[in-house]
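Two complexes are shown next, each including chain A; its partner changes from chain B in the first to chain C in the second.
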Partner chain A sequence: MVNFLIHIFTLVAIYGLIAISFNLAMGYTGLVNLGHVGLMGIGAYVSAILTTKFGFSFFPAFVLAGISAAVFGALLALPSRRIKDDYFALLTLGFMFVTSAVFINWTSLTRGTLGVRGIMRPEGFTDPFFFFILVLLVLAVAYIILNQTVSSPFGRVLEAIRDDEQVAESLGKNVERAKITAMALSGFFVGLSGSLLAHFLRLINPGTFWLDPLVLALAAVVIGGLASLRGSLVGVILVFVISESLRFFAIPSSLIGPLRVMIFMAVLVIIVLWRPKGLLGRADLD
Partner chain B sequence: MQIVLQLIINAIIAGSVYALVASGLTFIYATSRIFHLAHGVVILLGGYVFHYVWVVLGFSPALAAVCAIVVSVATGLIMNELVYETQRKRKAKRMAYLISTIALLMIGNALVLLLFGSSLKAFSVQTEVYRFFDLNITLMQIILIIVSTLLLLTLSFIVKKTKFGKAMRATADNEEVAEVMGIKTRDIRRLSFLVGSLLGAIAGILIGLEFNLDPNMGVYLAIKGFTAMVIGGVGSIGGAIFGAFIVGLFEQIAVWFFGAGWKNSMAFVLLFFFLLLRPQGLFGMRKFK
Partner chain C sequence: MLSVKNLTKHFGGVQAVDGCHFEIDSGKITALIGPNGAGKTTVFNLISGFFPVDSGEIFFKNINLTHQNIWRRSRAGISRTFQTSRLFRNLSIEDNLLIALREDDDQFLKMFLRTIKADPQEHSRIQEMMTFVGLDKDPHTIVTDLSYGQQKLFDLARALLNPHDLLMLDEPVAGVNPVLRDQFKKTLCALREKGETVLLIEHDMDFVRRVADKVIVMNQGRVLTQGLPHEVLSDARVLEAYLGPAL
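Presenting the complex of A and B:
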């Protein structure tokens, strides 16, 4: 039982990291980056491949996972001057599909659908409890950094971009650079979360980075509220409470996955229709 | 040379299905300004209900097609009525529509998984294979192309010549003015969801017959439809159809060069370059034609 709880808490902390970095892009900057899970996958694969194939130890691989996801995040933001709103969302969703195709088809590196196995937990953190503490530490540091960022003048520039890009631009703010920075920062942290997830699960395959985590992150951020880091954490906890309480009903395990998605997304529709600010959000869905 | 011709034939087959998807999406977008990604669910249900009623329950294919179309169109209309129209009343903004359409897409996808399972569904329909100069085309594929062409011709007739088409073009052009002129734009939106979903349902049936059914295809087809729309210039039905064939051709070329594993992500590469280099699309028409 204790082990099970530690397992769930670790997942909650990892998803917390995914959600707060997602909120930086979507809630604060107004960039609906549906490729967030693709960036996470990049982080996970970089870390997994570096440690299993190239003999890296965990921490350098962990940092490189963040950096590589940050680079791709910044690249995604590059065309965001011309590609906006719905188009940006579609484009980034496409990015996720492309990363998935790369994970599946670049078999010499990723072993295709078999996935990468035998990923080790970092030394000193092999015990589930210590690994949980490590994840919690990373989450805390990320939270502090992101919180500092969004309450700094730069954070207000981001919110101005979300509310009205042209106004922000006419006030002399460098909109493009702010977007790229936000996406790189968001990518960095989600890359770290991917690395943590890979070393936590110890095996990853392309299916790990498909629609399910995206559904979860989207639900958590919208339920918790846009532009609220605290809300995102609350959202993740709520989403996990809903999802884990399904275990108490006698539902065949093959049905749990789709059922979970349906519940999350139904809640999402309800929030969008009747409470567009979410629980703790400060920005309307726009 | 022969390979090239075969590629083109395959591209036409895929393209004529994508054209149904893309023109349905254009219809819906023109009157509602919603990027209706959940259209993927309508397509998916069309294919799966058709398979269920025909293959699993053993009724006639005609009855199965009717059931599929009824279920799909009802789904499309319900999504519009319960979600989009409610949002419209609340003057929702673009991100809200985007999130609700993604949520609807995921709900539908999960529902199909729950009801029909995750395994691929195949129709064991064998039709005659015709050979022209070493090129292969089956009777099924010829029927598919003909059905799609007839539907698209009917559609363009409706848009250009009927009263409904006129009202629709007016709504697409300027909703407020249309409303002032006595057009009930809400009903026009309903009708366009009806027509768009009808096209989606038929696309789903044809896809099932030709390419098998896979629960993920709803997501892919919705995105391919959008890529086609963007290539042709958002809002133009002719452009969407043209874009659909470009997507089909590009995919076939990608399959030939890189292998089948890359097929479904090729549409995005195309989408990316078009959005970046020619966001107004090939025909650059802003008006709904």
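Presenting the complex of A and C:
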């Protein structure tokens, strides 16, 4: 039971990192980046391949995972000057499909659908409890950095961009640079979460970075509220409580996955209709 | 200060601006008037960079801004309001105004490392501006809680706080109740006293007569005539543009 709880708490902390970085792009900047899980996958594969194939130790691979996802995040922000709102969401969803296709087809590097195996946990953190402490530390540092960012005048500019980017620009703000910065930061932290997930699970394959984690992160951010880091963490906890409580019902295991997604979607609809700011959010779902 | 040369802009088959050409002088209030669909707001959007021009040139303080980004035009000194207020709807009055007031807050590292200290006067400047435009509200109020007229006044306050040399006001008193309209008129008269350079779109001719130093009349995307208010407003061509040909 203790091991099970540590497993769940570790996943909650990793998803907390995914959700707060997702909220930076979506909740604060208004960039609905449905490719967020693709960036996470990039971080996971970079870290996994560097440690298993190229002999890197965990920490350099971990940092490089963040940096590579940040670079792709910044690149993904480039078309946002012309492609906006729903179209940007579709573009980034396309990016997720592309990353998945690369993970599947670049078999010489990623081993395709077989995935990368034998990913070791870092020395000193092989015990699940200590690994959980490591994840918690990373989450705490990420939270402090992102909180410092969003509570600074730069965070206020991001919120202005979310509300009306043309007007923000007419007040002298370099919107393009701010959006690239936000997406790079968001990508950096989700890349780190990918690395942590890879070293936690010790096996990743393209299916690890598909729609399930995206739906979970989206549900957590919407339930917790846009433009609230605290809300995202609360959202992740609620989502996991809903998700894990299904284990205690006599439901065939093949149905649990689809049922989970259906419940998240139902909760999303309820939130959108009755509480568009989510539990702790500062901005309406538009 | 501002020179607009042969501007053209079309939307599909509609020629919204067709060879528009005028200049405005520093320290004066210039009114841009004309019937609905004359192209006034399109000219505003072209000057502020919201629309790219089809052809023509825009010079501001002798700098060619024709192909510059919106934010570069703002930093060059152009500040504007909107026909329908466009406020940052999830932010408070104070946050909306701080965004206008600060010039370097879009630089992540400087803001993150707090290497730039906030101006200790900024909160008092915000309060002064609120008083100047006649808005007596708690700065933490979310802007969508303001009435339509208050939002228009607030839009003006934000444009005034944005560092500028030219203020462009797009129908500032349209749809505003008489009390706030009077407040607006007082504010604009005060701006005139301060020597602000203002380009104003307005349909209230009495208002234009009172505040404008120069009037430019547009019709069908072109400048019909321009000059002193009393000359222009009694010009038969202007009356015809507004009211149609005499029967």
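The rule is simple: the second predicted complex is superposed on the first by the 286 of 286 C-alpha atoms of A that agree within 3 Å, B and C clash if a C-alpha of one lies under 4 Å from a C-alpha of the other, contacts with A are read in each partner's own complex, and residues count from 1 in each chain.
Here is the rule we go by: a residue touches a chain if its C-beta (ideal position, glycine included) is under 8 Å from a C-beta of that chain, and two chains touch if they have at least 3 such contacts.
On a predicted model such as this, the values are computed, not experimentally measured, just so you know.
S.K.: With the two structures overlaid on chain A, would chain B and chain C clash, or do they fit side by side?
M.R.: When both complexes are placed onto chain A, chain B and chain C end up side by side without any clash.
S.K.: Just to be sure I read the superposition right, which of the two partners does A:Ala178 touch: chain B = first, chain C = second, or both, or neither?
M.R.: The answer is second: A:Ala178 touches chain C but not chain B.
S.K.: Check whether A:Gly66 is in contact with chain B, with chain C, with both or with neither, and answer first, second, both or neither.
M.R.: In the superposition, A:Gly66 touches no partner, neither chain B nor chain C.
S.K.: Does chain B (first) or chain C (second) touch A:Gly187, or do both, or does neither?
M.R.: After superposition on chain A, A:Gly187 lies in contact with neither partner.
S.K.: Angle chain B-chain A-chain C between C-alpha centres, in steps of 10 degrees?
M.R.: Spelled out: centre of chain A as vertex, angle of 80 degrees.
S.K.: Report for A:Gly41: first if it touches chain B alone, second if chain C alone, otherwise both or neither.
M.R.: Once the two structures are laid over each other on A, A:Gly41 reaches no partner at all.
S.K.: Should A:Gly225 be classified as contacting the first partner (chain B), the second (chain C), both, or neither?
M.R.: Neither partner.
S.K.: With both complexes superposed on chain A, which partner does A:Thr149 reach: first (chain B), second (chain C), both or neither?
M.R.: Second partner only, chain C.
S.K.: Would you mind checking which one, chain B or chain C, touches more residues on chain A?
M.R.: B
S.K.: After the superposition, pull out the minimum Cα separation from chain B to chain C in whole angstrom, please.
M.R.: 9
S.K.: Once the two structures are fitted together, what part of chain A is touched by chain B and by chain C alike?
M.R.: Overlap of chain B and chain C footprints on chain A: residues 284.
S.K.: Name, in rising order, each residue of chain A that touches chain C in their complex.
M.R.: 148-149, 152-157, 159-160, 162-164, 166-175, 177-178, 181, 185, 227, 282-284
S.K.: Using the touch definition up top, name the residues of chain A that touch chain B in the complex.
M.R.: My answer: residues 30, 32, 34, 79, 82-83, 85-87, 89-91, 93-95, 97-98, 100-101, 104-105, 211, 215, 218, 222, 255, 257-259, 261-262, 264-266, 268-269, 272-273, 276, 284-286.
S.K.: Spell out the part of chain C that touches chain A in their complex, as residue ranges.
M.R.: That would be residues 48-50, 69-71, 73-75, 79-80, 82, 86-91, 95-96, 98-100, 102-103, 105-108, 111-112, 114, 118, 158, 162-163 of chain C.
S.K.: Which residues, counting only chain B, touch chain A once they are in their complex?
M.R.: Counting only chain B, the residues touching chain A are 35, 83, 86-87, 90, 92-96, 98-100, 102-104, 106-107, 109-111, 113-114, 219-220, 223, 226, 230, 259, 261-262, 264-265, 267-269, 271-272, 275-276, 279.
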